[in-house]
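There are structures below to look over.
You will see subunit A twice below: alongside subunit B first, and alongside subunit C after that.
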Partner chain A sequence: MSEVRDEWPLYEIFVRGKRGLNHVHVGSLHAADDEMALRHARDVYTRRNEGVSIWAVRSDQIAASSPDEKDPLFAPAGDKVYRHPTFYDIPDDVPHM
Partner chain B sequence: MTVSEQDLADRFQDVVDRHERIEPRDWMPEKYRKTLVRQVAQHAHSEIIGMQPEGNWIARAPSLRRKAILLAKVQDEAGHGLYLYSACETLGTSRRELTEMLLSGRQKYSSIFNYPTLSYADVGTIGWLVDGAAICNQVPLCRTSYGPYGRAMIRICKEESFHQRQGFELLATMMRGTDEQRAMVQESVDRFWWPALMMFGPPDAESPNTAQSMAWGIKRDTNDDLRQKFVDMTVPQAEALGVTLPDPELRWSEERQAHDFGQPDWEEFAAVLRGNGPCNTQRIAHRRKAHDDGAWVREAAVAFAERSAG
Partner chain C sequence: MAGHETDHEAVYDEALLGGDATHWAFGTSFEDPLAGVDTTVPADVDPAELASYCLMLGDDALVYSHRLSEWCSRAPDLEEDIALANIALDLLGQARLLLARAAASDPGAVPVLPEGSPVPPEDALAFFRGDHEFRSTRLVEGRDGDFAVTVARLLLFSTWRLALLERLRESRDPVLAAIAAKGVKEVTYHRDYAGRWFLTLARGTEESRSRLLAALPDVWAFHDELFISHEIERAMAAAGVGVDPGDVADEVGVVLDEVLSVSGVDRPEVPQVGPVARGRGRDGRHTEELSHLLAEMQSVARAHPLGRW
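Presenting the complex of A and B:
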C-alpha cells in the first residue's frame, strides 16, 4: 500500500447556528468522502449544539478572490456611494423612512 | 508594476499594528509563518498528547457521572487538537507533515503531559491547575494576529471553562470526603503545582523569541506576566478548596499588589524538554501505535470512497 493512499482530502466546514442565520465557515477537517466529512464535522464542530445544519465542501473546489487583487476587485463598489441609504437626503418630518 | 518585498513587509506590519488580522492568503514574512507553524503545531500536539494522562482514568472513574464527564473532556481535547491542526494547515503545512514531526520529535508538545497521573485526584488537579494555566495562556491568544489561530482559540476557550470547573468541583468533592481523600488531593496538588508553573515557558530573560513574537502580535503577554497572573488567580481558589500550594516563598506583596512566589526547577524543565521526563517515551510510543494501528482504517476508507465514486 503506497504512503499517499491513506491521506484524506481536506474539507471546509460551514455551520448554520440556528434557523434564519447564514452558514458560517468554522474550520476544516480531513475525510475520505462527503458523508464522513459531515460525520466528522458533527463531532468536531457541533459538540455543544452549535448548529442545526452543516455544509462540507472539498477545499480544492472553492474559488476565492486573491488578496493581491483586493483593490481592483473591490474598487468598483468604492465610488458608488448612491448604493447606501444615507446617500439620500430625506426631510426629518417624513415618517417611516 | 511589481511590489517590492519591503512594500509587502510594510503593509503586513501595518495590518498587525492596527490590530487587524492576517489571513491565510495574505503575504507574510517567512519567519512569521515559521514561528506560527511551530507554535500552533506545538499547541495542537499538546491537545492530542494531553488526552493520554486523563484517558488513563476513564475506565477507572468512580461513577458513571464522573466517567461521562471525563469522556466528554478527553473528546474535547481531541477536538481542540483538530481545530488547531486545521489552523496550522492554512499556513501550508500538511497534516501528514505535522503528525510526522510530532512522532519524530522535531516538534514538541507541552512539558506538562510528560508527567504521570498516579491517582484519580490527578484528574481534578489537571482540570483545575493545568487547564487553569492553559486558560491564562489562551485567553490573550484569542486576539493573536493570525486569524485562523485566534478563531480556534476562541472556540477552545469557550470549552476550557467546563474543563477547569469540573476539575475544581471534583477536588472540592474529595475535600469534603475522608481524611484519606483530602490527603490524595494535597499529594496531587504537590506534584502538579511546579509543572503547572512551567507551562508558561522559561523566564522572560531566557525567552529569546518573545520580543519578536510580540512585535508580530502572535503573543500578547510575556511568560512571566502570565505566570504571575496565574498565581494571583489560583491562590484564592486554593484557599477555597482548603489545599496548600507547595511553595514556602508564596506570599502576598503589599508593595507589588501581587503574590511573590518561588521559581520552578528550570533544570528539570529543560530535562523534560530534552526528552527525559517521566513519560516522554511512553507518550510518543502510544501516539505512534495509535497512528500505525489506524493505518488500515484510513486506507480502507479511501478504497471505499474510490469505489463508491465509481
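Presenting the complex of A and C:
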C-alpha cells in the first residue's frame, strides 16, 4: 500500500445565509481538496437550510493575529469612544445597522 | 416518518427565537414541495395502478434510505457520515411523499391498524407491510459493509433514479410531477457524490482501487433488473403518468460509461441475478436481505401500533 496521509487538511468554512449580507465563519472540517471541502461544507453546515453561498479556505492559508499581540493591536482602540457614531439617531427605515 | 415538517418553522420562530425570526439568517423558510399542487387523481387514471406505481418508486427510496442510514456513526469520516445521512434523509423524504400519494390514491392498499391508531397511512405502508408486498428493485436491499460497495451501489442507483425522475417531472399526475421536481435536485447531488467517490477510489491507492473492483460485481448483478419494466410501469407510462424504466436504459448507460471511463474501470460483465418464482423486486420477490432489513426497520412500529412518536 502506498503512503496514506493520516488526516486530510483542515478547512475553515464560511456560509452566507439567505438573509445574511456577508459570509460568516461557521466552523471547520477536513477534506482532501477544495472541491471536496465545498461539498463537505454543504453536507455539514447547510443541511438545515442555512446557506446560499459557501467559502472554504485552507486553515494554513489564513494569516491570524497572535494572542500575544492583543494589547498593542487592540487596546489602543479601547478608550476612543468618539470613533463610534453613537451620537446620531438612526431612522427606523435604515436596515442592517 | 410522521409528518411534522410543517412545525419546523414554528419551532424556529417561536421556541428558539422568541417569535421574531427576521434577524436570524439561518435555518428558516422551509418549503412544502406540494404547496399549491392539485392532489386530485386525473380522472382517466386507475387509482389502484397509480398507487402500485407510487409504491415502486417509494419503496426503492425507503429501503435504500434505511440501508444508507446504517452508516450513521460508522462512516470512514465524520464528513462522510453526515453526507450519507443527508442522502438517506433525502430519500426518506421522497419515500414519505410517494407512499402518502399511494395511500391517497388507493386507501384500500393501506394495511388496517387497530382502532384508534394514530399511525398515518404512509407509515402504515412503510412499517406494516410484509416483505412480499414491497415493490422495490432488488439492488437497494443488499448489505454494503464496505464503503466501496456503497459508492458503487449509490452510483448505479442514483444514475438510474435521476433519469426516471427527470422524465417523471412531466407526469400528468401533478403530485408525482412535484415530487419528481423536488427529487431531481436531491438525486443530482447524490449522483455527483457517488461519481466523485467512484473516481477517487478508482484512481486513489491500490487499496481503494482493489476494494472498488471487488465491490462492482455484487452490485452490478442487479443492473439489468433496473431496466426490466413491470406491467404497472408500462401502463403508467402509456397513460402519461409514469416512466417505463426500459426507456432510460440508454441514457443511464451513457452516464455510467462516462464515469467508468474516466475512472479507468471496465464495465462489469457479470451474470445477472435472475427471477425468483418468475418474479423480481417489482413483483414482490426479494432477496433474504430485505426480510432482515424490514425486521429491524419495522419492529418498533409493529410492537406499538397505537404509539405516538
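Just so we're on the same page, the second predicted complex is superposed on the first by the 77 of 97 C-alpha atoms of A that agree within 3 Å, B and C clash if a C-alpha of one lies under 4 Å from a C-alpha of the other, contacts with A are read in each partner's own complex, and residues count from 1 in each chain.
Everything below uses one rule, namely that contacts are C-beta pairs under 8 Å (C-beta built on N, C-alpha and C of every residue); 3 or more make two chains touch, one makes a residue touch a chain.
Computed from a prediction, not measured in an experiment: that's the story for all the values here.
K.L.:
Contact-wise, after the overlay, does A:Pro67 reach subunit B, subunit C, both or neither (first, second, both, neither)?
P.N.:
A:Pro67 contacts subunit B only, not subunit C.
K.L.:
With the two complexes superposed on chain A, say which partner A:Val57 touches: subunit B (first), subunit C (second), both, or neither.
P.N.:
neither
K.L.:
Counting only touches as set out at the top, which of subunit B and subunit C does A:Leu38 meet: first, second, both, neither?
P.N.:
The answer is neither, since A:Leu38 touches no partner chain.
K.L.:
With the two structures laid over each other on chain A, which partner does A:Asn49 touch: subunit B (first), subunit C (second), both, or neither?
P.N.:
Only subunit C is touched by A:Asn49; subunit B is not.
K.L.:
Between subunit B (first) and subunit C (second), which does A:Asp6 come into contact with in this model arrangement: first, second, both, or neither?
P.N.:
First partner only.
K.L.:
Let me test your reading of the model: by the given contact rule, A:Ser28 touches which partner, first (subunit B), second (subunit C), both or neither?
P.N.:
A:Ser28 contacts subunit B only, not subunit C.
K.L.:
Considering each complex separately, which residues of subunit A are in contact with subunit B in the first and with subunit C in the second?
P.N.:
1, 8, 29-30, 32, 36, 43-44, 47-48
K.L.:
Within the complex, which stretch of subunit A touches subunit B?
P.N.:
So the residues of subunit A in touch with subunit B come to 1, 5-8, 10, 26-30, 32-33, 36, 43-44, 47-48, 64, 66-68.
K.L.:
Tell me, which parts of subunit A touch subunit C in their complex?
P.N.:
Subunit A reaches subunit C through residues 1-2, 4, 8, 15, 17-20, 24, 29-32, 35-36, 39-40, 43-44, 47-51.
K.L.:
Applying the document's contact rule, which stretches of subunit B touch subunit A when the two form their complex?
P.N.:
23, 25-27, 72, 75-76, 79, 82-83, 86-87, 89-90, 94-96, 148, 151-152, 155, 159, 295, 298-299, 301-305, 308-309
K.L.:
Spell out the residues on subunit C that touch subunit A in their complex, using ranges where they run on.
P.N.:
22, 24-30, 77-79, 82-83, 86, 192-193, 196, 200, 205-207
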